[in-house]
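Here the chain labels run A, B and C in written order, and each chain numbers its own residues starting at 1.
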Amino acid sequence: MMNPGEPMLGSWDSEGGAGESLAMLTKDIAAALGASLVGDGAKDIARIVHPDDAEHPSDLAVAIISDTAAALTRTRAEAAIVSAKRLPEPNRFASLIVIEQGRAALAILTALFDGGPARGAGVHQTAVVAPDIELGEGVSIGPFVVIGPGSRIGAGTTILSHASLGENVVVGAGGLIHSGVRIGDRVTIGERVMIHSNAVVGSDGFSFAPELGPRMPYSPGLELKRVHSLGRVIIGDDVEIGANTTIDRATLRSTRIGSGTKIDNQVQIGHNVTIGTNCLICGKVGISGSATIGDRVRIGGGAGIADHIMIGTEAIIGAASGVGSDVPEGQYVFGYPAVAIDRALEQYRYLGRQKLLHRKINEIATRVDELERDKMAR
Amino acid sequence: MMNPGEPMLGSWDSEGGAGESLAMLTKDIAAALGASLVGDGAKDIARIVHPDDAEHPSDLAVAIISDTAAALTRTRAEAAIVSAKRLPEPNRFASLIVIEQGRAALAILTALFDGGPARGAGVHQTAVVAPDIELGEGVSIGPFVVIGPGSRIGAGTTILSHASLGENVVVGAGGLIHSGVRIGDRVTIGERVMIHSNAVVGSDGFSFAPELGPRMPYSPGLELKRVHSLGRVIIGDDVEIGANTTIDRATLRSTRIGSGTKIDNQVQIGHNVTIGTNCLICGKVGISGSATIGDRVRIGGGAGIADHIMIGTEAIIGAASGVGSDVPEGQYVFGYPAVAIDRALEQYRYLGRQKLLHRKINEIATRVDELERDKMAR
Amino acid sequence: MMNPGEPMLGSWDSEGGAGESLAMLTKDIAAALGASLVGDGAKDIARIVHPDDAEHPSDLAVAIISDTAAALTRTRAEAAIVSAKRLPEPNRFASLIVIEQGRAALAILTALFDGGPARGAGVHQTAVVAPDIELGEGVSIGPFVVIGPGSRIGAGTTILSHASLGENVVVGAGGLIHSGVRIGDRVTIGERVMIHSNAVVGSDGFSFAPELGPRMPYSPGLELKRVHSLGRVIIGDDVEIGANTTIDRATLRSTRIGSGTKIDNQVQIGHNVTIGTNCLICGKVGISGSATIGDRVRIGGGAGIADHIMIGTEAIIGAASGVGSDVPEGQYVFGYPAVAIDRALEQYRYLGRQKLLHRKINEIATRVDELERDKMAR
């Protein structure tokens, strides 16, 4: 083993993180879940695990979903959390937490036991921050973070290593900016926003003059001139932005992501786009410039939305669909080009029956031949 | 408020950036645009805004595109720039700039008022640079930048925080390398090139031996052996590379991006690819290894190009298309698999008429049944 | 030229890298390849090049693939490596290496001449590492690297600049972690693993409660609650992970990538996914949460796999396919939605014949009209 030696720059004094003990009593877990408890309520739980991974008396076996039922019969855990629909045999566990709604319970339970990433107290001595920035109470700024002039970070927000914030950036309270995130100039972010590693918020829009429509000629001497992005990005509260996702700044106004909207990894959101509240945007989606997405819209993985498209409230875009025309409120579309789901499925069904169809037509043609021959013979 | 404290490592002495005053007189703006001016030519303009966002006497309302016409009637701006096709009522503005070509004007105008990101003077004291690198006049190297041996940076180029350049990298004059960009060994970049945050230029190609064609068997004992990328990436002048885009190095020779080509966010360009000049490559496009793309080719968002494909000059690839065969010069293709646009649209039209077609065939079959019955009866 | 000045933070003392001389004798190259040698075995080779790029007597012209045959006739190289199938004229080269299997030879040959990226000795003085980390012999930690508490790095592994490793991360021996890579808490990586720039391994999964199936209503008051990722990512030996690729942590257990699997750039792998050994996953593929991929599976560029899908051993997924149902062992599927390749090709063929089909049906209808008229007339 080599000795890592005396680090020249600052030690790593973490608080929180996975190392932190998050032990709770079974009765407190049940209370947090609004669940009923059978057996010992004073059992200490330090970890929640799949039933097959239980090793310690302080492990709580999570058997909420149906395919863990078998594992529950063989687990070494002494405490378990199960669905009311699939109770184990009586007295199998010293402590049993019984819930009604599996997935909602999983959200609460995993939040209780998530120590989050390790964070230092205050501003790490290696960070380079403009002298005029404002930091709320309990802000944690990690190693090698850079923050530009005029920026403000709300109370309790954590900015992990290597992130960079441009000028006049606002990040609300209770946020978590992961390592390597880039936040451009003039970006405003609400409260409790989570941005995952290497995401880029506030990059320049992809916009050039002249605008070349697909059927327009492109003269050889033509030079593409950049339309600069002088606008902003405005992100609401409780938004989540995935790893390596990119969101471009607007030309003059703002690219907007509404509160409660969750965006997965590797999503691309173009300049001037407006996205409503509580949307779910899955991995690898591309939303082209100036598209408008309503509230509570769900977009499946890998789907693409053309520029200037309007997607109505509560519409659903199926995975890998290519949306080239507006989608009305509440409509579920699918396919490439995307059409209403029932029509899309019908089309794929018919496409699968082409061979039969051709055979049928040839058969009819033969019969018509025969009828014509018969007519001639008369 | 916490005090960010005395930064251990270097202050943030920015020049330029959004904080810089970029005020201009209306007559100078008109001159830069080659536009006509009505009214006060000596009005100071500090900001260009959407008509609805005008707040100060120094705001210039930009109403070039048709959907800002209504906003122009209610704006608080005293100066405006409008299209000759949609003039406001006379004397509505103290100063009016009238242009012919909207989008070209927007490119010039946004360039005039873009202060660009904040940049320090010289090499930030936290940067780690090889002793033998060559820096042109006015180069700015940001915090935590790393530059490897043998590299050269041209005059006036800015490299923002956390970027890393490998060995023997050349970046031309007037460039802008955003934060977190990775430039691998032996990459050569022309003049005035802009590379957006977290892009990777010069990563290793994805190439293994043996090459397994899709129908070839894959024996269980087989071990995939890496073909290393000893080649380079060569990027021309005035190229733009989007955030989180990746460009792989060639095996022996060079992956090439021609001058004037603009590449959006999250584009993947494989090893040994050659792209011509003045191409437009939209977000999330994937170009597989050894493909060759001509000059002035336009590729819509999310499209994929298979390996070794040739795309001719001025061809157009529709959004989300999957190109599995060569595309001749000037051809516009669309779909998956991509075919000539007119054929693609025809196919989609026919696909939408399948239900009617099946009904029609059943109807004909019934009539033939009837004719045959009639014949039998005779 | 500006003087980059005295760097405040540590010099760049590289070892290895492209600058390193990797000269070999022709006989030693032939031996490494198991190839036969004609002519001078004691010729010094410093570089392998395309025949057209040969400049020095120490350049070895690589003419393994057929399209370099012409270049071989005009090369200035004095030594060449060729396929036994395409021998040059006798005595054309002072030294000639003759191989049987081109691609396998290219893998060995490029490995011999790849000096790899420059690496410093030991821990760079700007790195911020937890005091309790364990480093194997010959580990190299680059500038501005951050490593969290409880992490272990195996012998000979290189971690390049700006990478960050969370808590309790394990990286095996002989690995190469490129610049800007983010490795989250509790990630375990095997031996000889290569992770390319700005990839993110161990980001949080995209998982919320309640789970909203595509046809399920989404009440306006509904708040999406995050299911936290308390699990891990476990990566086997000899795995390669491309630039800007993202791999999410599991909810309770582990996202797993089997040994020998190669993953290209910009691939997204969701939480709880299991991928077998020796798979080939091309650029821009998306694999949704809880999918299971067998051994030796090949997935073409841009393909998408829906959540919870099972892909059997040695299955092949064609480029840009959308896989929405399980794929049996050894099956080759293609299309959107993906079906068996022969059926997919048949469907596309029929789609191309729709115009003819419609014409044929109209023709039959006309003939039936005629027959009916004739019947009426009788």
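Everything that follows uses one rule, which is that a residue touches a chain if its C-beta (ideal position, glycine included) is under 8 Å from a C-beta of that chain, and two chains touch if they have at least 3 such contacts.
Everything numeric here is computed off the predicted structure, so don't read it as measured data.
In terms of which chains touch, the assembly is arranged so that all chains touch all other chains. Superposing the C-alpha atoms of subunit A onto subunit C requires a rotation of 120 degrees, rounded to the nearest 5.
Interface residue usage between subunit B and subunit C, two copies of one sequence, is largely distinct: under half of the residue numbers at the contact are used by both copies.
Centroids built from CA atoms put subunit C at 24 Å from subunit B. Counting only residues that touch two or more partner chains, subunit C has 9-10, 126, 144, 162, 180, 198, 244, 266, 284, 336, 351, 357, 361, 364, 368, 371. Residue ranges on subunit B touching subunit C, taken from their complex, read 9-10, 122-123, 125-131, 133-139, 141, 144, 146, 148-150, 162, 164, 166-168, 180, 182, 184-186, 198, 200, 203-204, 206, 208-212, 214-215, 218, 220, 222-230, 244, 246, 248, 251-253, 266, 268, 270, 284, 286, 288, 304, 306, 322, 324, 336-337, 339, 343, 346-347, 350-351, 357, 360-361, 364, 367-368, 371, 374.
On subunit A, the positions that touch subunit C within their shared complex are 1-2, 4-5, 7-12, 14, 17-19, 48-50, 53, 62, 101, 103-104, 106-108, 110-111, 113-114, 117-118, 124, 126, 142-144, 160-162, 178-180, 194, 196-198, 240, 242-244, 260, 262, 264-266, 278, 280, 282-284, 295-296, 298, 300-302, 314, 316, 318-320, 332, 335-336, 348, 351-352, 354-355, 357-358, 361, 364-365, 368, 371-372, 375.
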